[in-house]
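The first chain written gets the first letter, and so on, giving A, B, C and D; residue counts start at 1 in each chain.
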Amino acid sequence: SNGSWFRNTDVALPNRFGNTHKSKHGEVRVVGGHQNMAGAALIATQAALNAGAGRVYLHCDPRYFAASVSHSPEIMLLDHIDFHDRQSIWVVGPGLGRDLHADQVMKQFICPDHHLAPWRGVLDADALRYIARVPQFNAGNCVLTPHEGEAADLLGWSIDCVQQDRAAAALALSVKFQTVVVLKGAGTLVCEGERLIFCHTGTPAMATAGMGDCLAGVIGALMAQGLSAFDAAICGVNWHASLGAILANTQRVVLASDIIAKLKYQYKA
Amino acid sequence: SNGSWFRNTDVALPNRFGNTHKSKHGEVRVVGGHQNMAGAALIATQAALNAGAGRVYLHCDPRYFAASVSHSPEIMLLDHIDFHDRQSIWVVGPGLGRDLHADQVMKQFICPDHHLAPWRGVLDADALRYIARVPQFNAGNCVLTPHEGEAADLLGWSIDCVQQDRAAAALALSVKFQTVVVLKGAGTLVCEGERLIFCHTGTPAMATAGMGDCLAGVIGALMAQGLSAFDAAICGVNWHASLGAILANTQRVVLASDIIAKLKYQYKA
Amino acid sequence: SNGSWFRNTDVALPNRFGNTHKSKHGEVRVVGGHQNMAGAALIATQAALNAGAGRVYLHCDPRYFAASVSHSPEIMLLDHIDFHDRQSIWVVGPGLGRDLHADQVMKQFICPDHHLAPWRGVLDADALRYIARVPQFNAGNCVLTPHEGEAADLLGWSIDCVQQDRAAAALALSVKFQTVVVLKGAGTLVCEGERLIFCHTGTPAMATAGMGDCLAGVIGALMAQGLSAFDAAICGVNWHASLGAILANTQRVVLASDIIAKLKYQYKA
Amino acid sequence: SNGSWFRNTDVALPNRFGNTHKSKHGEVRVVGGHQNMAGAALIATQAALNAGAGRVYLHCDPRYFAASVSHSPEIMLLDHIDFHDRQSIWVVGPGLGRDLHADQVMKQFICPDHHLAPWRGVLDADALRYIARVPQFNAGNCVLTPHEGEAADLLGWSIDCVQQDRAAAALALSVKFQTVVVLKGAGTLVCEGERLIFCHTGTPAMATAGMGDCLAGVIGALMAQGLSAFDAAICGVNWHASLGAILANTQRVVLASDIIAKLKYQYKA
C-alpha cells in the first residue's frame, strides 16, 4: 500500500483547563437505538460522557429513555433531531437499524442535493450501511468507523478482499468518502487521505458486542473536546484499546461497560 | 464590589445526634424532571439522600418513577405537590423545563398576590428562568442557585456583564430577590445581603452535565438538616467542590454520580 | 416495667449446611409497594434475598416489576397472593398504603371470623395501620415491627406515652396481639409475652428512609431459614443495627441499600 | 451404577486467540422470561455475556426489554425466534413458564415429526418440563440441565428415587434423551452415554434462586466458544461451583449476580 504507514499508540487526551464550563467540553448527540437495539446507543452515550464530553444527548426509541435515565442520569434525552447547535458532535448509527425508520433518520443527516453532511461527528454501524447506498457521498466532516464487513459494503468489495489488504481498503475508503476512516478489527487502521496509521491491536478479550459503539462514543467525545477528526480517531482508538489491554491483565473477557467505567480516570499507559 | 469579601472553604456538616429519627433530619422534595429531563431531578434526589436528608421525595414525569425506584429505592415518589408539611425543603427546578407544564408547577410555588414563597428550599435551573419573569419577586425563604446565564436573565444583564463582575452580580441578585444567592461557575460566590463569600473553585474535571442538579440537592439536604439557608449554601458549595477536587486526583472527568457516591461518607478535607 | 429486661446484642445467624438446596432456606414473599411506594417493597425483598432466603417473591404494583428485575433479577414476581405454600414467610406492609387497595390486600391476610392469621411472617408499616382497626386481632404467627407512631396507633396511646415508657408499650403490644413485637427506634425492644429484650441502639447515621423496610425483610429471611419468630426478631434487629454501626465508622449517612449490600457477607461483630 | 465414575474439578476455559473477532466467540440466544419470570432469563444472558460469548441475545416478554438494557446494554434483544443462524447456541427455558405461551415457544424448537432438535444449546428449567411430555424425544444436540425434580419428571420416577441413586438417574436420562445431561444438586453429575462425571459439590452459600439460570448461560457460552456439549457441561459446572466456593470464603450467601460478576475475570483455582 502507499500512504505513510507507521505505528501509533499515543494517547494524548485533551487537557481540561481551569475556569472551565461544561459547554467548553462540547456536546455529543448520539442517534440510534431503534426498537430493540437501544443498548448500542446507550453504550455510545455512556462512553461519550465518561470520555469527557460536557453534555451528552441520546436520541433513541423513547421506550428506552427510562432505561437510560436509570443507568446514567447525567445523559439527556432528545425527542427529535435538531441541528440548531452546529457545535454539537453527532454520533450516528449505533443500533439505528436498516429499516424505513433508519432511512428517515439518515435523510436528516444527508443533504440530498450535494450529499455533503453539514455537521461534524462519527458515522458508525448502520449509518455506514445507509451511506453505502448514497451515490457520491462526501463525508467530509465525519469520521467513518467501519469494521471489515461495513468496509466491504462501503467499497463494493468482498470482505476477503478487505481483509487481504486492510491498508488498501482504508486508503480507498478515505479517498472515496474524502474523510477520516477508522477500519476496525485486529489491528485497527486510521486513515486520512494518504496518512495511514496502524493503531493498537487491542486484545482478544475485547471481542465482545458493544465495543464498536463504545469506540464511536469515545471518538465523538474527543472531537467535542476540540481534537481534529484525525487526532480524535487516533487518540480514541489507542485509548480504547489501551484500556482494554490493561483490563485484560485481570479479565478474560472485557465488556464495553468495563471500558466505559475506566474512561473517566486519569489515563496512565 | 462592596460587601464583605473573603474566601471560605469550610465544610461544617450538621452533626447527627444519638437517639435520632429520620424525621429529625428533615425532608427534601425535589420538583422537576419534566418529560425527557428526568435525569436532572433524579440527580438532585440522589444527592439529597446521600447528603443526609431523612426522607427524600421526587415529583417528576411519572414515566420515570420506575427508573428512580430501580436506581434508588429509598427515594419516595410524589404524584402531586402538597404543602401540608411546611417543614419540607423544596428543591424546585432541575429538569423542570420552560413550557406550560413548568408554568403550572411554578404557579403552585409562587403566591400571585404578594409574590412571596411560603415555603423554604432551593430554586434552581428552569425555576430561575420562571421567576425572572415574575415582577418584584421576593424569594425570602429560598436559595437561588443560578449559573451566569441564569443570573443574567434574572438581572436583565448580559452574560458578559455578569462575568466581568461576578461579585456585583451576586450582590445585585441578593438585593433584588432578598435572599441567599449562589452564583455558580469557576469560583462560586455565595451572597446574602452584603455578605459575599468566595467559595471553592472546583476543578475542570467537574465541568459535566448534572453538577448543578447535584449541588441543589446537597444544599436542600443541608437546609433539611437544620442549617440556615446561608450556611447551607456555603457548606454545600464547599462540600460539593471539595469532593470533586478529591475525585479529580484520580479522575480526568468527575460525574455528578461520582460526587453523589461520596456524599454519604465521613467528610475529610 | 415488668418482664425480663436485659440487653442482647448477639447475632447468631442460621447455619447453612452442606448438601443443601434453596428450598431448605425457605421462601419470603413481600407484599406492598402500592402505586408510588414500590421502593419500600423492593428494599424488603432485596434485604430478604441477601439475608439468605432461598427464594424471594415480590407482590407490588406491576408497573414496578421491571424496576425490580433490573435491580435484582434473582427476585421473582407475583401477580396475585396465593397461600398454596404455607411454608412461605410473608412480609406484609412495606409501601402498602392505606387506601382501598390496601384494605383488599389485608383482607386476604386477616381471617374475618376468628381474626387469626393462618400464615407466618412479619407485619410492618401500613399493615400495622390496618390491624390497628381490626378488633381483637390475634397475630400469633407474625412478628409486628412498629415504630413509635405505629405502636401508638396499635395501642390507642399517644406517641408521647409510648416514648415515655417504651418497655411498657412493647409489653402491652405483645400481650394485646399475642405475638412477638419489635418496637423500633433508638434502642429497639423485642418483646414476647413477658420476655423483653433491649437490642442494639443503632446509629444516627441509620436515620434514613427505608431502614424499617430493610429490617422487615431481614427478619422474614431469618424466619424462612428456620429461626423462631422471637429469635428472628432479636437476631434481625441486632444484625441490622450492627451492620449499620460498622458502616457508620466510615459513613456519615447509612442507607438501606448499604445494609443490604453487606448482609450477604460472613458476619463479623 | 455402571458408567465410568470419577471426580472432575477441572476448569479448562477456551482460549481467546489474537486477531480475533466477536463472531469467533459465538452467539448465545436465551429464550425464556415469560411474564413475571423475566429475571431468570436476564440472569442467563448476563452469565453468557460474562462467560465470553461474543454476542448474546435475549428473547423474553418485551415488557422487560428496557430492564435488560438498563442492566446490561451489551445484551441484544429479540422480538421473535429466528433460526437463520444455525451457529447460534440456544439456551431455552429459564423463566419460560408452563402455559400456552411456553408450548408455542417450545414447538418452534421441537420438530414434530422426528422429534430431533435441529439446533444446539441447553434445555433448562421449564423447557425440561415441556420435553418430559414429548414422546421419544431425542435431544441429541442439547445439554439437559435438570435438578432432581425435573429429572424425576423427565424419567417418570419419584424425586426420592432420583435422589437415592443420582448416578443411575443421570445415566438413565442420558440414555433416554441421547445427549449430555447435567443433574444439578449437591454433587452435580455430568453424564453422556456411559461417561459419568462427578463434579464440584458447590457450597450451601449458593443455595439461592437463579443459580441454575446462571449455570445454563455459562454452559451455553462455553459451547458458543467451541467446547463440545460434554466438555462445556463439565467445565461450566466446575467453573460455576468453583467461583461460588471462592466467594463463599467471604460471603454467607452467594447470589447468581455475584457469580456473574466474577465470570469475566481470569480464572484462578
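Heads up, the rule we're going with is that a residue touches a chain if its C-beta (ideal position, glycine included) is under 8 Å from a C-beta of that chain, and two chains touch if they have at least 3 such contacts.
Quantities reported herein were computed from a predicted structural model and do not represent experimental measurements.
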- request: Specify the chain most distant from chain C by Cα centroid.
  value: A
Query: Would the interface of chain A with chain D count as same or different, where same needs over half of all numbers used to appear in both copies?
result: different
- prompt: What is the distance in Å between the mean C-alpha positions of chain A and chain C?
  reply: 50
Task: Indicate the whole-number Å distance between the mean C-alpha point of chain B and the mean C-alpha point of chain C.
output: 35
- prompt: What are the residue numbers in chain D that touch two or more other chains?
  reply: 66-67, 70
Field: Touching residues on chain C, where the partner in the complex is chain B
entry: 35-40, 42-43, 46, 63-64, 66-68, 70-71, 147, 185-187, 201, 203-205, 207-211, 250-258
Message: For the complex, give me every residue of chain A touching chain B.
response: 13, 16-22, 24-25, 49-52, 54-56, 65-67, 69-70, 72-79, 263-267
